[in-house]
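Each in structure tokens, the structures are laid out below.
Here chain A shows up in two complexes: once beside chain B, once beside chain C.
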Partner chain A sequence: MAKWGMVIDLNKCTGCAECVAACKTENNIAIVGKEQSEMGRTMLWMDILTLYEGKYPDVKVRYLPRPCLHCDNPPCIKVCPVRATYKNEEGIIAQVFPQCIGCRYCMAACPYTVKCFNWTAPDWPDEMAAALNPDVSARPAGIVEKCTFCIHRLQKAKEQAAVEKRDIRPGEYLPACAESCPTRAISFGDLDDPKSEVSGLIRSPRMFRLLEEIGTEPKVYYLSESE
Partner chain B sequence: MLAKQNNDLDDGLFYSIEYTSPKFYWVMFALFVVIGFAAYSYLMQIIIGLGVTGLAQPVSWGFYIINFVFFIGISHAGTLISAILRLSKAEWRRPITRMAEVITAIVLAIGGLHPIIDLGQPGRMWNLVTSGRLQSPLLWDVTSISAYFAASTVYLYLPLIPDIAILRDRGTKPQWLYEFLSWGWHGTPKQHHILERAINILMVMVIPIAVSVHTVISYIFAMTIQPGWHSTIFGPYFVVGAIFSGIAALLIMMIVLRKVYHLENYLKEIHFNYLSILLLIMSLLWFYFTFSEYLTTYYGNEPDEMRVFLYKFTGGFAPYFWAMFACNFLVPVTILANKKTRRIKGILIASISVVIGMWLERLIIVVPSLANPRLEYPTGIYIPSLTEWSVFIGAIAVFILGFVLFAKFFPLISVWEIKEGREKSISEVAHRLQSYLPDNHDELEIEQALK
Partner chain C sequence: MVSRRKFYLFLFVFLLFLGIVVWAQKNFQPVQYNHKLHVEDAGLSCTDCHVNVETHERASIPNIAVCGDCHDDPETDNAEIKKVVSYVQEESRIPWQTVHRVRDYAYFSHRRHVTLGQLECETCHGNVSARELPFEKPYVEINMSWCIDCHEQRAVTTDCYACHR
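Coming up: the complex of A and B.
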């Protein structure tokens, strides 16, 4: 059984936010508008954190793309009262949208603050409403959502492989962010396969994970910027 | 003959049930306007979504959760205090227990509704039953609060039965209601025996249930690993805070109802004095817990914890934090430790101060931990919207409405227990006191041994 993981090389990341845009269109993530956005209700499954280091004039700006970290020991699924979020056998922290009652306990429990809430029902411009991705359900108001590693793409790849009576090939299943990255900063694959690209990358001495000290065991790895 | 006389003595307690003044209708009208507006606000929230609140990311819990913790805390006024006083045979409890129990029943219903008001999809609540996960602290809450609600309503109802029977026998309207609720009570010795047994069993049961309620509410926060929440002391800290705010609320209600229903003859200075000393003790205990909680954080100096700590002590939440400290500690201790100011007026000020202070404490626990996420996000500030305020004020109006309606149908003071106090307890207490003292023949033996 595969264990899906992601490696983001900060040496290659330019902070262009192509991954953010690809993620939004791929997953039908609601666009909330300026007013709501200023209130702190922007919905992003893939966010880019901006870190400032040093003091003016020697400021260094770093960008850190942040999807759901898909922790192996996730604090969010423990607290869900209705099993609307769970870890599947391939390590993906999945969301069951029709099951969520909107208590937002998982949002409060997530140490990485990755979850978004649908404060109101999504309101699509006409041109976009006709162009929603049919593979991802649009969410109603009042439920929590987050990055699913584009689990619908895994489903598709599996079905294709089943038809052709073979296993999934490396690179056949990629989330939208990894696929869209113009500098190939985001790699994705099976962490349990020692020959996979991601397994090689995480052996790098530049490898680190976010908030490693709290023991959540994220499956999203970073390669730090070399000086 | 004696019984008849005593009935007459307590006649005043039935006055507000049997005569309705025009004021009653005005109060009802005002309350319904407030509640109507709150209901309208909530309806809009259901239609539009939680977007009508001031909530956002990362502060995704606000007024509703604060008020949930706050109201459930107040509910510890009643049943717990009434049970402890009954259990410890405190004779001065007699005119107090009923009011305390009514507070619990009403406030628990209001508090228990708040997490539902907070839900984004209240229509899917049934999922809690069909696929509830007992591993989630939220389910512990559902379990514990429903058990407490069941126990405390029965605990309110049982000692009410003899009083309902009195109302039935007086021919008070609506007769069918009292006829039905009095359950064939005729005050036979056997009935008295069963009633007392039932009350005794319930009062022992209700204490651990009440303690469990606020413990598991604290677990909602403590079971996460968020800075400022992940604390082993939270269970007892919440329980102490709950009893603290509960006693304050009980004192406020006693003072108000005494004035409104002219109960000066029943609720005497001594009752307020005793209860306010309990409030003083709880204030000191609250300080002890607060001190332990924050000193541990400060001394440990862990960066993520310190961010929340400093946000409370010197940052954006400092005004609320220090207001809480003044309201929960400085004001009540100054007023209540001094015999001269420990009068009804002073007690009222101290109690109001404590209720406000405990509300602030709930605010300070819920918001700052959410407002300071571990990773570097741009954070906004949480400002509750009109919807949240109107639901809050509506909830208070429901509380007052509950009391007004209860007082319209049932006596606010347990009439039969007052009678029992007059008829039996005086000799019983004298007897009990005697039994505390060394027996006479022991004294003789000691005297002989000394010789």
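Coming up: the complex of A and C.
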């Protein structure tokens, strides 16, 4: 059984936000508009955190792409009263949309604030409604959503592999963010396979994980920026 | 005598309603398509028309490109065939209503079930080759417990993230 994980190399990340855009279109993520956005209701499954270091004029800006970290020990699933969010056999933290009752406990429990709440029903301009991804559902108002590691892509890749009677090949299943990154800063693959690219990368001395000390064991790893 | 007038009024409204229901049912599909004629008498197989069923998620419903192979002669007494021929000649698509549908948050694939699972159409859609009228409602009500029941019987996964997306 595969265990899916991601490695983001901050040396390669330029903060261009292509991953954010790819994620939004791939997953039919609602565009909430200026008013809602100012109330802190912007919906992003992949966000870029910006960190400023030092004082003007010696400022250094750092960028940190942040999807759902698919923790191996996730705090969010422990508080869900309806098991709408749980860890599946392949380590993906699922969010089963019709099961979600919108209580938002999981949002409060997530130390990385990766989850978003649908305050309003999604409303697309006609031009965009015709371009929605048919493989991903449009979430209704009143439920919590988040990055799924593009689960719809895994479902299809599994079927294709089954038809051809083989296992999923490395690189065959990639989330939209990893696929779109122009500098290949985002790697994705099977952490249980010692020969996979991600397994190699996480042995790097630059490897770190966000808030490691709280024991969430994220499956999204970072490679720190060299000085 | 007021009550009798009321009674007739009521009867009239009721019959009108009934008429509309019958009319709507008869016209639920644009053409009174007959599976039995095509499968048993004309000898077509399901995949001749539902061409994507073994290779894609959606089975696909055939349209004028397929029908036009046989129905291009307007000289016919059959009113339903006349309709088909006029769609073909005007090159306008027959607006079929899709009856079987799962919600957008669920992943269902015909290839997975027909090609990999080796399931017969009949298991899920009933004896289609005996149908003389078009579909108005699904053969079985499509809901999650229907999927799960079969998956449990056949030891297929019931992980939510196998189907939900």
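Quick notes on this one:
In this section, the second predicted complex is superposed on the first by the 227 of 227 C-alpha atoms of A that agree within 3 Å, B and C clash if a C-alpha of one lies under 4 Å from a C-alpha of the other, contacts with A are read in each partner's own complex, and residues count from 1 in each chain.
Following the convention adopted for this analysis, a residue touches a chain if its C-beta (ideal position, glycine included) is under 8 Å from a C-beta of that chain, and two chains touch if they have at least 3 such contacts.
Fair warning: this is a prediction, and the values are worked out from it, not measured in the lab.
If you put the two complexes together on chain A, you find that chain B and chain C both fit without a clash. By the touch criterion defined above, A:L49 reaches chain B but does not reach chain C.
Applying the stated contact rule after C-alpha superposition, one finds that A:I101 touches chain B and leaves chain C untouched.
Look at A:R41: by the touch rule set out above, it reaches chain B but stays clear of chain C.
By the document's definition of touching, of the two partners only chain C reaches A:T148; chain B does not.
Shared-chain residue A:V61: touches no atom of chain B or chain C. In the superposed model, A:L210 lies in contact with chain B only, and not with chain C.
Measured by the number of chain A residues touched, the leading partner among chain B and chain C is B.
By the touch criterion defined above, A:P75 reaches chain B but does not reach chain C. Once the two complexes are overlaid on the shared chain, A:A129 sits clear of chain B and of chain C alike.
Once the two complexes are laid on top of each other via chain A, the angle at chain A between chain B and chain C, using C-alpha centres, comes to 90°, given in steps of 10. Closest contact between chain B and chain C, by C-alpha atoms in the overlaid model: 13 Å. Looking at chain A, you'll find residues 99 touch chain B in one structure and chain C in the other.
The part of chain A that touches chain C in the complex is made up of residues 86, 88-89, 92, 94, 96-99, 134-138, 148, 151-152, 155, 159, 162-163. Of all residues in chain A, only 36, 38-42, 49-51, 66, 75, 78-84, 99-105, 107-109, 111-113, 116-121, 140-144, 210-211, 214 touch chain B in the complex they form.
The touching residues of chain B, when paired with chain A in their complex, are 48-51, 54-61, 115, 118-122, 124-125, 127-128, 131-133, 135-139, 142, 220, 223-226, 370, 373-380.
Put simply, chain C touches chain A in their complex at residues 103-105, 107, 109, 111-112, 115-116, 159-162, 164-165.
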